[in-house]
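Two complexes, one shared chain (chain A), two partners (chain B, chain C).
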Partner chain A sequence: MSYYDGRLLLTGLLTTLGLAVAGGGAGFLFGFAVALGRTTRSRAMAPLRAALFVYCLVFRRVPFLVTLLLVFFVCQSMNADLSTLVVALITTGLIATAYLSEIIRGGLESVHADQWQAVQALNFNHWQALRYVIVPQAWRVILPPAVGFLVMFIKDTALASQIGVMELTSAGKVLGNKGLPSMLVYGMILLLYFLISYPLTRLGRRAERRLASTRNH
Partner chain B sequence: MPLLEIIDLKASFGSHAVLEDFSMSIDEGEIVSLIGPSGSGKSTLLRVLMGLTPLEQGSVRMNGRVIDYADKAALRALRSDIAIVFQQYNLFQNMTVIDNVMITPTKIRRWPRKEVEQHAIALLSRVGLSDRLRAYPDQLSGGQQQRVAIARALALKPKMLFLDEITAALDPELVDEVLETIRELSSDGITMLIVSHEMGFVRKLSSKVVFMAQGRIVETGTPQQILDAPREARTREFVSKILRH
Partner chain C sequence: MPLHFGPILEQWPYLLGGAWLSLKMAVLAFTGGMLIGLTCAALLQFAPLYLRRLITSYVTFATNTPQLVQIYFLFFGLPEVGVVLPPLGAALVGMTFNAGAYLCEILRAGILSLRSAELEAAEVLGFSRIQVVRYVMIPHVMKVMFPSLSNQFIIMTLGTSMASVFGVEELTGRAENLGAETYLSVEAFSVAAVLYLTLSLVATFMLIAHGRLMYRIKARLL
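Up next is the complex of A and B:
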């Protein structure tokens, strides 16, 4: 394997990581916003709630690849001159937001209604309640499924190869086409995916343990 | 002028009225107990007064001023005058004992941290928990949690304390430690509105007892009048039932 092959593989690895980190990061950020939007109660927010509901409903039920192609062709039809990498980033963001918002919403709703009643009686406003009481308790419920989703999500970014993004799987294909033994190439790809995902799983477990220790179980 | 005045209050769940024609007043320093069968609207009254359940009709005056429950600022002011202790304690599970007591004064009221901390420690030692400051709620017994909840309410220096069946969720052997705490606090002269089924406690502590049934006041009087010589048949029936246990 040449130096250039190695660089290609490294580029692919970094792209996959970038897609996962950016998509996951955006997913957490926007997912939180979507979840908070969906927990509002006022009548004025009803149209927003409905829109967010439909968004979550649709994007969690459409295959990653279909969303990817849809974003790709929508961008193309709007003559938006975006690189395939940007298209892939938008897609990963859209999907991660839809999934994580549901996980986060579930976590927020898992906090007992008594806690809301107490913060209300103690004069916390909505944001203070979320910040000091609700979110810290929701984390331990959010974290395990969120990590599970992100691990799955890293692997799903492989589909970005379908629109020509040079991520890890594409890099493997290129190397295979160049005549390197497929077993070796895909064996390495497998190892690399594992190397990205495994630490995340471990990190998640550690965070879970730390959160659990703030509460005696 | 009474500290709290309730005039013709009405509240419903759907089409079912849970409070009706409810009027009473509480003077400063008074300890008023609400007694009555389950579902008579005692806890609902406390929730309505705190603005946790909407009132349908009637008005509430605090220090002579009518409270507009739709006005957020008025509601905030009311909730800083009145602190409530719930049946299920409702301590914040993600915080230690001391943080549960300190969070509202420091983060919501923005009182100076040093003073709040001293006050919190003093309150917690008063309720007998000075050795559990760093414990989390679920490391404590129900009675201890309820005592933390009492300290949390008092940390806000309220003018009035609402106690909503604070021993109802406790194992029998833990009831006394909580009641003892309240008994001890009552000597401070803080105004209290108590919902309780502990008749011995009601008798000893209250300056006034209100018996209610089906959302209405049936009879009001001193503990001796209500518990020993009730005038109304319904009161007699309730009192004889509950005293037999």
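Up next is the complex of A and C:
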């Protein structure tokens, strides 16, 4: 292990974190929008609801690797000159949006229908209803599974190594190809993933315990 | 960007064969994982402390590291100590190792949901041990576990695509081959994506039907 090997690992680690944070962040943002779109009830919104439903269905039932390669080849055939990192970011964003929108939708729908009616009776508009009544109750339901999803998601970003993104797994492959013992290298990579993932798992469990006790129905 | 699905769709038996291998791998790994999971979950109930600690650390380790890197370790790392696994073998061992940990968690939650009062009540009613298992334990435990178990199976079916990285010619691997031969990668992977979607929907549908018939679990499709 030289200084440069260490730097490679550090870069990889940061890229993995970046992929997960950017994908998860985009997923939360767009997922919330998708979830809101899917909770609309008006007839005019029916085509939108159908489109969002298909989107969520497809991206949750096609493997990460296949989606990644598909996005990669689509970008390539459109002559879009994107770096592999950007391709990976698009993919993680697409997939995280699909998963998180389902989690967020579940949370929003867990708020009792009476609450929606009460808010309407109080003459809140849709935005105010969400802001002051629905989301404060829904986030307790949303947070634990969302953290659980992020834990899964960080591990899934390992697949980005397949299109050549220099993240943690790729860094391991490079070190292995340089002739360092594979067992040592991959053992180290596993350990590094564990160090990212384990605290988050613990956090998720704690959130689950603490939020469950204060949930009021 | 003109799309040409013809040359890919001509190869449908080849792709379907890949999907079949994917499904077989998922079933094999799930069965193996179930054996590990059952053993671990049972041992967690009454084994001595050191064994329980060992099982907990296995579960924590396997669920907090990527399956891909675990298989890398098996495929590239183990030959250094003289254990050479073929690609399919390494992928299957890795998937089973991973599934065992997740299934152990699910099964443990199921066991914990049982209450001793329930079992005592069955005993008072004169149920034999086998009857207690058949009529009280399994229906109750299944109601708690079945959705998670189905979910795990679907995740594993999709997870088999990882094996293509090591050269296993399952659905993703075959789509890659077709894309490389015909230069129609977008089409090849689109068809593969549709096949994965179909595969997982069929599996979900069958699992829900099974749950309804066997354990009277009401679950919605999708």
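The working rule: the second predicted complex is superposed on the first by the 201 of 217 C-alpha atoms of A that agree within 3 Å, B and C clash if a C-alpha of one lies under 4 Å from a C-alpha of the other, contacts with A are read in each partner's own complex, and residues count from 1 in each chain.
Note that in this section contacts are C-beta pairs under 8 Å (C-beta built on N, C-alpha and C of every residue); 3 or more make two chains touch, one makes a residue touch a chain.
Only a predicted model underlies this, so the values are computations on that prediction, with no experimental measurement involved.
Student: Sharing chain A, do chain B and chain C clash or fit in the superposition?
Tutor: Here the two partners, once superposed via chain A, fit next to each other without clashing.
Student: Determine, under the contact definition given at the top, whether A:R41 touches first (chain B), second (chain C), both, or neither.
Tutor: Once the two structures are laid over each other on A, A:R41 reaches no partner at all.
Student: Between chain B and chain C, which one contacts more residues of chain A in the superposed model?
Tutor: Answer, by number of touched residues of chain A: C.
Student: Applying the touch criterion given at the start, work out whether A:F124 contacts chain B, chain C, both or neither, answering first, second, both or neither.
Tutor: A:F124: touches chain B, not chain C.
Student: Check the residue A:T67 against both partner chains and state whether it touches chain B (first), chain C (second), both, or neither.
Tutor: It touches chain C, and chain B stays clear.
Student: Have a look at where A:R209 lands relative to chain B and chain C in the superposition and call it first, second, both or neither.
Tutor: It touches nothing on chain B or chain C.
Student: Of the two partner chains, chain B (first) and chain C (second), which one does A:Y132 touch, if any: first, second, both, or neither?
Tutor: A:Y132 contacts chain B only, not chain C.
Student: First (chain B), second (chain C), both or neither: which does A:F194 touch?
Tutor: The answer is second: A:F194 touches chain C but not chain B.
Student: Taking C-alpha centres, what angle do chain B and chain C open up at chain A, rounded to the nearest 10 degrees?
Tutor: 100
Student: Quick one: minimum Cα-Cα distance, chain B versus chain C, in the superposed arrangement, integer Å.
Tutor: 25
Student: Across the complex, what residues on chain A touch chain C?
Tutor: Where chain A meets chain C, its residues are 57-58, 61-67, 69-70, 73-74, 76-78, 151, 155-156, 158-159, 161-162, 169, 172-173, 176, 181-183, 185-187, 189-190, 193-194, 197-198, 201.
Student: Taking the touch rule as given, give the residues of chain B at its contact with chain A in the complex, in rising order.
Tutor: 50, 52, 76, 79-80, 83-84, 86, 88, 90-94, 103-104, 107-109, 136, 138-139, 156
Student: Any idea which chain C residues touch chain A in the complex?
Tutor: Residue list for chain C touching chain A: 1, 60-61, 63-70, 72-73, 76-81, 154, 158-162, 164-165, 172, 175-176, 179, 185-186, 189-190, 192-193, 196-197, 200-201, 222.
Student: Using the touch definition up top, name the residues of chain A that touch chain B in the complex.
Tutor: Interface residues on the chain A side: 114-115, 117-118, 120-124, 128, 132-133, 136-137, 214-216.
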